[in-house]
Amino acid sequence: MATGRRRLTPYLLLFPGVFWLVVFFVVPMYYMARLSLDSGTIEKGFEFSWQWSNYHDALTLYKDPFIRAFEYAGAATIIALLIGYPLAYAIAFKGGRWKNAMLVAVVAPFFTTYLIRTYAWQTILADQSPVTKALNAIGLAPGGHVLATAGAVIAGITYNFLPFMVLPIYASLERVDPRLIEAAKDLYASSRAAFVKVTLPLSAPGVVAGTLLTFIPASGDYVNAFFLGGPNNTMLGNTIQGLYLNTRDYPAAAALSFVLMAVIMVIVFVYIRFAGSEALMGEEATPV
Amino acid sequence: MLNAWVRTEGKDGRARRARGPQLMVVAVLALAASLAIAACGGGGIESSGGGKGKVETVKVSGKPSGNLTISNWPLYIDKNTVPDFEKATGVSVKYIEDVNDNQEFFGKLQPLLAKGESGGRSIFVVTDWMAQKMYDLGYLQNLDKAAIPNVEKNLVPNLRGRPIDPKDAYAVPWQSGMTGLIVRTDLAPDIKSICDLFNPKYKGKVDMLTEMRDTVPLVMKCQGVDLAKATEQDWLNAIDKIKAAADSGQIRRFTGNDYAKDLSSGDVDAVIGWSGDAIQLQADNPDIQFVMPKEGCMLWSDNMVIPVGAPNPTAAEAWMNYVYDPKNQAQITDYNYYVSPVSGVKPILQKTDPTAAKSDLIFPSKQFTAKCDAAPPLSGAEETKVTAAFNAVVTG
Amino acid sequence: MEARAAAAPTYVRRESAPRRAWAWLKKRALNIYAGFAIAYLLIPIAVIIAFSFNNPAGKYNFTWEGFTLKHWADVFSLPDLNSALVKSLEIALVATIVATIIGTLMALALVRYQFFGRRTTNFLIVIPMATPEIVMGASLLSFFLILGTPALGTTTLMIAHIMFCISFVVVVVRSRLIGFDRSLEEAAQDLGASPIQTFWRVTFPLILPGVIAGALLAFALSIDDFVVSNFNSGTTVTFPLYIFGAAQRGIPVEVNAVATILFSATLIVMGLTVIQQRRAERMSAMRPQQEGE
């Protein structure tokens, strides 16, 4: 429907949005890159000087939180997948008339402020709480406390991002045509085989979306480590936040942010290449 | 609506690569836009040379009036002082408790101060070393001493002519205090020195402060360093010791004001903490006590300063004068239990709150603080290096 | 084996009770698991709500010390909390309105038109959703710092919030537009309506639920935003920033009460939207078969 005048319409419609996103999202990336190559201090002022050593210095000094961020985010993503997939499956296939209520329950945590629900875990996992005492009795709490350990941070991240895992998987499971499963069973497949060969591959796009939507924000998170962790559970996010807002060492902070973004982009592209096309075609089960 | 949400587009494998030419055009446009902005931008941190001119002196004129915004640490003032001041002078006070950490506060205000603004504040209260740092950067104003006669008259002798402000030109102490050990004497009666905090018996049951100039000098004392002669290497050695303890799990957390929570709940046995908090905590739990470490404590003072761009310096100085009247000061000290910089408070408290008047923590004797020191000064490249090393341990 | 046990009612031979119980368990296992998982999701919310009724002696709200309604009575008695809440609402309102308008326009363009640069624009919209918040916040901060203007505060917060809300609004409205029946528009035009009239009187009311959904999502994202705000707020305090600061000194019980209010309000709004959607679906089901949402 693109007649002469109409050709302009989409551009006019798009202009405010594209302008906003380019000026306030794309351009700041350039500025962050520039800041990462500055030298100087907050007192004496900063100067752009192609200081590539900022990257090297920041990465050596802060390599522990850097690695931990990906470790914790990875662990949390896997656990969220293990917890979330069955839940999504249950809602999609066994939900019945409770489906909407269950979905609301899954989304409900979002209705409370992120900080408060993380802070609530401090109460739940406090040293004297029944939960901690129970975990201690089973032996899952070395040192007698759960807070200020890696476990608490990973548990927090898993909890906070679980809905991001469940919803995409639910969405793709819901679209699975039940007749396909019936067909598989008609061909003498057991329930388990039907699941592995039919349902799982068809839900792969949802799994891919869910894991990415969980892993990416989790790797940059710092709130969970702040509330639930100790000094050797800090993540890259804590470091970046500290450098930007406390120490005001902007070049190092910008360098770290940039590396974080670069690593995530690499992981995402590799993951999509690896899991993407096969998952889309549903040819083979995605290794979970 | 749920359906709309659930169909959120994500990385569902559609790794679209935009067609080459389109991408080029957009990239060129973005680059052009940013270069344009870059060319006409700049006025921010990259062009500030941190230059400062002469330090101005506050101009006090006439009677105090109008609005006064004060930034202070939390829980540092009683409920009545502000209303009483408002009644006495007619000034309308906005008292904000947004100073949680010196560095964090400095970080927040620095972009404004560098431009000569203070975000509406006419007074804020920061610890001595930070006040000096700000003064050296030209962010503070000198005071008009004629408008603060009470300060001249009542400031205790040992806080006059301090190294950070030899001429008492810009900093008026708000309260001073001691940093030492606060211990759950019911859980860990044996902790009597800083070195005891590193005892594996208390692994994971110890907190230290994120305030570098409290934690590190105390550990240096534990290592036998004479603070008057401390070198950069001494600082770094102490930081290494702290790092080892943090890595091994000996130190549970590095905290600001929130060590009180860990102590109250018994999550930790002992912390490095501030004297006034000990008294407040004791009210809830008499087993929590301030223990003067064998090696001695750190002495510090939080100071009222007037920043550049303060909108109402006249009212600010009136406030300083007001709180240096022993009567008003007694009210404040009786609430926060820190060491008052105003002489003449003790006799007043002896009548209104004799227990407080007897406390070593509020009116420490010379003997009590015999081994206590102020934090050794750090500046320039030394400060940057030490701060970076310490922050790496605390925030990872 | 499982199938036989599940068909127990008509089966003559009685299985032993434990075996029947086990079979019942296996059949219901997934549902039971779902119950546990949902309980796990809801526990912290329950804790938050419960502790808003707590009566702690000191400043820390950790251990249950007694039931009281007094913190609910003076839920709005803390001036710092109130000004932070008001600031959050203010920013969320502006960000929602602007982002919804911009986002809806973009969604219309993307769904309705074929144009040069379409793929790139799609890409541009998806990337902010894929970027960690800390990177967005940090880069915006770098931008504002180097430019030197505007000063960090309410303005920069609004700019930042609008930025990250746009993508989400586009996605929500777009999914609504994709299932849209163009024949209604064509009918209107056949009856002589101009494109603008068609839009306002036919298209817009029909996509309104999607637009509202997008607006609600933007509002929720803005009110709850912490990371990007933390970096770009300067000395301004929003509700999440207030909590972050207060966490050091002990979060007052009133904050739990406010969080409960926000939670209930969102739950109610969501409930109303779902009910309204159900009603709309029922009404459209009564009409002759059409391609609808």
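Letters A, B and C name the chains as they come in the text, with residue numbers starting at 1 for each one.
The rule we apply is simple: contacts are C-beta pairs under 8 Å (C-beta built on N, C-alpha and C of every residue); 3 or more make two chains touch, one makes a residue touch a chain.
What you see is a predicted model; the values in this text were computed from it and never measured.
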Chain at maximum distance from chain C, centres defined as averaged CA atoms: B
Pair joined by more contacting C-beta pairs (B-C or A-B): A-B
CA centroid of chain A to CA centroid of chain C, Å: 17
Interchain centroid distance [CA atoms averaged], chain A/chain B, Å: 35
Contacts with two or more other chains, residues of chain B listed in rising order: 2, 5, 7-8, 10-11, 37, 45-47, 108, 265
Where chain C touches two or more other chains at once, by residue number: 62-63, 124, 130, 145-147, 247, 270, 274
For chain A, residues contacting two or more additional chains: 22, 26-27, 31, 34, 100, 104, 107, 126, 128, 212, 241, 245, 250, 268
In the complex with chain A, residue positions of chain B that touch it: 2, 5-8, 10-13, 15, 29-30, 33-34, 37-38, 45-50, 101, 103-104, 106-108, 110, 137, 203-204, 246-247, 249, 251-254, 265-267, 384, 387-388, 391-396
Interfacial residue positions of chain A with respect to chain B in the complex: 22-23, 26-27, 30-31, 34, 38, 41-48, 61-62, 64-65, 68, 100, 103-104, 107, 126-128, 143-145, 147-148, 167-168, 170-171, 174, 205-206, 208-210, 212-213, 230-235, 238-239, 241-243, 245-250, 268-269, 272-273, 275-277, 279-280
Complex contact set, residues of chain C against chain B: 57-60, 62-63, 80, 116-117, 119-120, 122-124, 126, 129-130, 144-149, 151-152, 171-172, 174-176, 209-210, 212-214, 216-217, 234-235, 237, 245, 247-250, 270, 273-274, 277, 293
Contact footprint of chain A on chain C as seen in their complex: 2, 30-31, 33-34, 37-38, 40-45, 47-48, 51, 61-63, 101-103, 105-106, 108-110, 112-115, 121, 124-125, 127-128, 130-136, 138-143, 145-147, 159-160, 162-163, 166-167, 170, 220, 223-224, 226-227, 230-231, 239-240, 243-244, 247, 251, 255-256, 259, 262-263, 266-267, 270-271, 274
Chain A to chain C touching residues, read off their complex: 1-2, 6-7, 9-11, 13-14, 16-18, 20-22, 24-29, 31-32, 34-35, 83-84, 86-87, 89-91, 93-94, 100, 102, 104-117, 119-124, 126, 128, 159, 162-163, 191, 212, 216-217, 219-223, 227, 237, 240-241, 244-245, 250, 253-254, 257, 260-261, 264, 268
